[in-house]
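Letters are used for the chains, namely A, B, C, D and E, taken in the order the chains are written, and counting of residues starts over at 1 for each.
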Amino acid sequence: MIFSEQDLTALFVTLKLAGLSTIILLLIGTPIAWWLSRSRWRFKFFIEALVALPLVLPPTVLGFYLLLALGPNGPIGGLMDSLGWQPLAFTFTGLVIGSVFYSMPFVVQPLQNAFSNISNRSLEVAATLGASPLDRFFSVAVPMAKPGFITASVLGFAHTLGEFGVVLMIGGNIPGSTQVVSIAIYDHVEALQYSQAHWLSAGLLMLSFVMLLIVYGVNRRFSGAQK
Amino acid sequence: TDDIKVAVASNFSSAIKEIAREFEVNSDHRVVLSPGSSGRHYAQIINGAPFDVFFSADSERPQRLEEEGVAMAHSRFTYAVGKLVVWSPNSDKVDAKGKVLNSDDFGYLAIANPRLSPYGRAAKQVLQNLGIWESLQSQMVRGENIAQTFQFVSSGNAALGFVAYTQVVDANAIIKGSFWEPPQSLYQPIAQQAVLLKRSEAAQALIAFVKSQEGQNIIAKYGYK
Amino acid sequence: MSIQVRFDLQQSNFRLNIDLAIAGKGVTAIFGPSGCGKTTLLRAIAGLERIDNGYLSVGDQIWQDANQFLAPHKRSVGYVFQEPSLFDHLSVHRNIEYGLKRAQFKDDSGAIDQAIELLDIGHLGARMPNQLSGGEQQRVAIARALAAKPKLLLLDEPLAALDETLKAEILPYLESLHRDLDIPVLYVSHSRQEVARLADQLLLLDSGEVTAYGKVADLFSSVHLPLAHQSDAETIFEATVADYDAEFGLTTLDFPGGHFFAVAKPLAIGTKVRLQVLARDVSITLDHQQDTSILNIFPVTIDELLNKDDVQMTARLMAGSTPLLSKVTRKSAQALDLKKGDVVYAQVKTVALLT
Amino acid sequence: MSIQVRFDLQQSNFRLNIDLAIAGKGVTAIFGPSGCGKTTLLRAIAGLERIDNGYLSVGDQIWQDANQFLAPHKRSVGYVFQEPSLFDHLSVHRNIEYGLKRAQFKDDSGAIDQAIELLDIGHLGARMPNQLSGGEQQRVAIARALAAKPKLLLLDEPLAALDETLKAEILPYLESLHRDLDIPVLYVSHSRQEVARLADQLLLLDSGEVTAYGKVADLFSSVHLPLAHQSDAETIFEATVADYDAEFGLTTLDFPGGHFFAVAKPLAIGTKVRLQVLARDVSITLDHQQDTSILNIFPVTIDELLNKDDVQMTARLMAGSTPLLSKVTRKSAQALDLKKGDVVYAQVKTVALLT
Amino acid sequence: MIFSEQDLTALFVTLKLAGLSTIILLLIGTPIAWWLSRSRWRFKFFIEALVALPLVLPPTVLGFYLLLALGPNGPIGGLMDSLGWQPLAFTFTGLVIGSVFYSMPFVVQPLQNAFSNISNRSLEVAATLGASPLDRFFSVAVPMAKPGFITASVLGFAHTLGEFGVVLMIGGNIPGSTQVVSIAIYDHVEALQYSQAHWLSAGLLMLSFVMLLIVYGVNRRFSGAQK
């Protein structure tokens, strides 16, 4: 067996984290992107800049600030504490929140672009055919923005897989709960266990490549049938 | 059975793995290791990370934790003392006297960042005491920690580096490449200290095991003093 | 029931300013030069162009007033846009289904199947829009708009991209549609033929203003409107089927000024129909001529001579109470010495039955 | 110079199969039902549809054969697409400039300014395409195609979205254009009026096959083609300006079978023109009638009677060597006892000068 | 003075790195994205998956492998050595290469989506007006894909600003040459100099926010003029 039990656990945690984060990213990012693409508010560009901002901080530093915020003395942690809730730092839930926060720009931006490219005409046609705004969104905007959703999901998922700094900071690298593959590889490298690092990296690459192939391949066949 | 959550400096993670294995043989507790940089562990601990014991790469951070009342009072102790070597994977690069440092036929010299790593600080002291700290500035590359410094050298990108003795010695005490061990007089001892963060029986048992002769033997085997 | 429209919109150089009650029955043709605001008007009625301070009611439903603005999807309109606007991501079949599914009330009469057959798009069901020709796209768009079973049809030049044979098939269908379903239709067209054929009312727009609104028959023969002066001026009036001669396939049509023979399908006696007579098809003679292939000849009084100085004059003739326009060259008018009040014979070569 | 076309394309249910030499001069109208392959043909000529094993040469240039395929941008064509296809990211002015800049040879004759004025789009220069009406977009597209000074114009229903007044202004311009610049034009249209007016040759397409190709005049009066049987059948023939009566604004036109009076602008004597006579405008009398507003009356011989069993028959009359089609009801034909070989009088109410 | 001279140097190096990387990313990414958006090759999805792959590895791990590759025994380092070129590790050039490699997916994907949305019709029209493929690309495709270019530049630039792991691994933290702001902040955090970390983070955030505001604001005004 090339992979230790701990590595496999980390892999499992990673997939769970990436999958869950991607779903949440899409759920939160889609309405934001839709609003950004359709709004004519003068100060929209302010929000656009804000969405891209988490990108510019190194992940470890971002993680550090998230840690401060989530910690018992931080605003979020304090609030949760006073409500009698469990603190989020060093829990899987905390990781999901951190990943969502950090990967948001990668999901919002492709979606916003895809939505911007949908002509008003198509939405108007749908309206005259009796489709409510929500119906229009799901029956016209979403299918037309499909390439945007694929890009958003791939970037969001892959980025969470490779995500590292934030998770390291607010997760605490606790095996079985917050230790993800990227950290496990990093640990192997740090501990000079290069061959384990190689195997784990190769495994992660293979797995990701196969997943990406499936996503793009299925998409290709689907679009191909249309043309 | 309790899990003992241990935050441990990356450079000590191999050694503590073996210690934990031995410890678990005679105990029904389980040791859960979280290796990483000590600066990060410190930040996490003061923000409520659920660690029971902290094995730091230096003495400063455990001391601060103790002063701030986060760690158990009087639990701090030195579990290992690191040895510094100048190393090259090339078997005839480093001479036994370390004269190579005065020559100018090497490219980059890797050291750990003196601000972050006790090994880096020690390396700086050695170079200062040799009077070549300033003159080597332009050839120096800094790793964030001692592991990264080792990678700079072992990958061949830096010709020489100040690394930990533990990194270059294997289980049979054979050293690949060439090295020079600077005399202790050139740098302050690299004391790696640990503190207890929670007053748990299990954690105290682990610490007791580390302090025991059996534990110390394992540590010595990995190249610490 | 009627459609009350009041819109005032300023858009850079263009101002749409309309305050009108449009008949809530039959086809209202909207006619006017390019850029006069036809599309803008339809869009405002569909709720796609939001014009503040406007007012719009259809029948007893208020769609827009000072207090409310009914969202487009709550207005039961079928809109065929000027450019074919199919959903690119859906097949022909699913495009049509899109409207069908969202229809406010279902019907299983197979009306939509009939529409598909008539529009000759049945074989295209599985294709994607980018695999269709321009005319095919337009036909699918018509079917889709009908599928939603609207209460009001807005058609923006729906037949512009179609050949005459297809037009000739679709026009009667659209006609029958508005008669059978009794939904009002606003129909933008550049073709007088189509308008004459299909429309009950005519709305003339110019630079965003209504220049005339009324019955097609009245407007087409009104000498005060440019319509009567154009080279394809025409008269439209009502007549009743009086007889059908099966041998020659000719229908006799009575109208207040006499009767016409027309080539048409057999119709029940007593049926009311609309006749279209082009001014250029009406010639004037002083005597009732014999031995001519022209079947329709009857006495008329010259009511008015228009554009007297033009090479081509327009004569407004009265056959009893029915006006008829006729184009004559000034040379002929002078040769025949035509004057207001003269009784002459009108020869009508062709008459078209519109409905 | 001619345009040699040989294409064979199978596309799901549709097959385009053409092997033809199209005249390299004048306007060739392409006429056929929706979905028959008109657009596909133009696209193949422009090089946008790549058909393997095809052959295409324009004049002495080979654009496509077994060994080569000239890229679309190297073919000097001006293409007005069926849907208005302006660049959405460029203003009207810059859309036109786009073609102008890339023209293979410059001219400073101000021809493009003239086009802009005629198309009445001068005031739209700064607008973006989404701020234009449908007809305005189409006009800008025409100007843009002309700006590139092409060697071959491909027009896919360029006037479909325009009102008659505008059409009436643009048509003569397009006419003059192909005469002045001497570039061949392929013109897709659904309107017989436009075709009759504009085209020299006619290409009839059906289901991807050429059903007829030839001079407009020949095809329109050819009794073997469906064109002659339709309700708007017509005859087109050449005539020479013989006289102009300034007083009445009437031009006398000589043709092999007699002469016509027509309403037209003054033309130099001797000018060759084309005349269009609709079959429905021609009536038949046994005697030469007097006191009628109809100016054009002359003796003809009945050459053939078509569709004898229909309610409406078509008579092919010979005025000298010139054929004329006439629509008569069977009733009239019987009443007048028309037979092949009879000499009768043709009354032509309206004659249109085409060029 | 809140910022040390070294911090300011790091800031300067960072901006130079991010700016240069973004330019190179756009230069390399644009043709790749264009090809991906227009090609009908059956196995295109294979390349698409490959482009997204660097994302899934943690940056530090990626940096580790880059370090191995750049070393005298690695494929790249060996090749350069045999050509007599300078090794790339611990040089600014090396950093640029690493950043370009790592940020590529963030540039290619938005561009590819933007290009895919350009209708063939527009390109066909341009062709009939005499525009060569290259001309079409610059006069039609590029302006129409403007939102995609903005997203690609923002993601590429911001991601390089926050880039960390790769730089850490192959940079060697040499002040004035390979020490960038993200590492400086990280060092402050690790060295428990939290207030310096706060100031530097805040400075980076402000600077980035202003830059993003300018990008989005100018874009808004520009697009606004069109509508």
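Keep in mind that, in the parts below, contacts are C-beta pairs under 8 Å (C-beta built on N, C-alpha and C of every residue); 3 or more make two chains touch, one makes a residue touch a chain.
Everything numeric in this text was worked out from a predicted model, so none of it was measured.
Engineer: Where centres are the averaged C-alpha coordinates, which chain has the largest centre distance to chain C?
Structural biologist: B
Engineer: What is the distance in Å between the mean C-alpha positions of chain A and chain D?
Structural biologist: So the centroids are 61 Å from each other.
Engineer: From the mean C-alpha coordinate of chain A to that of chain C, what's the distance rounded to whole Å?
Structural biologist: 57
Engineer: I'd like to verify one number: the distance from the centre of chain B to the centre of chain E, where each centre is the average of its C-alpha atoms, in whole angstrom.
Structural biologist: One centre to the other, that is 35 Å.
Engineer: Report the inter-centroid distance (CA atoms only) between chain B and chain D in whole Å.
Structural biologist: It comes to 91 Å between the two C-alpha centres.
Engineer: So which stretches of chain B touch two or more other chains?
Structural biologist: If we look for residues of chain B contacting two or more partner chains, we find 40, 43, 148, 151.
Engineer: On chain A, where are the residues touching two or more other chains?
Structural biologist: Expected reply: 60, 64, 189.
Engineer: If you look at chain C, which of its residues touch at least two other chains?
Structural biologist: Within chain C, the residues that touch at least two other chains are 83.
Engineer: Which pairs of chains touch each other?
Structural biologist: Result of the pairwise touch check is A-B, A-C, A-E, B-E, C-D, D-E.
Engineer: Mind listing the chain A positions that touch chain B in their complex?
Structural biologist: 60, 64, 67-68, 70-74, 77, 87, 89-90, 168-169, 172-176, 179, 187, 189-193
Engineer: Which residues of chain C touch chain D in the complex?
Structural biologist: Answer in residue numbers: 12-13, 31-35, 38-40, 82-84, 123, 127, 131-136, 139, 156-157, 160-167, 190-192, 230, 232, 245, 248-250, 261, 263, 280-281, 283-287, 289-295, 310-312, 326-334, 336, 338, 347, 349-350.
Engineer: Show which residues of chain E lie in contact with chain A when the two form their complex.
Structural biologist: So the residues of chain E touching chain A come out as 44-46, 48-50, 52-53, 55-62, 64-65, 105-106, 109-110, 112-114, 116-117, 147-148, 151, 154-155, 158-159, 161-165, 182-183, 185-186, 189, 197, 201, 204-205, 208-209, 212-213, 215-217, 219-220.
Engineer: In the complex, go through chain D and note every residue touching chain E.
Structural biologist: 46-48, 71-73, 75-79, 81, 83, 85, 87-90, 98-99, 102-104, 128, 130, 144-145, 148, 154
Engineer: Mind listing the chain A positions that touch chain C in their complex?
Structural biologist: Chain A residues touching chain C: 121-122, 124-133, 135-136, 139-140, 143-144, 146, 226-227.
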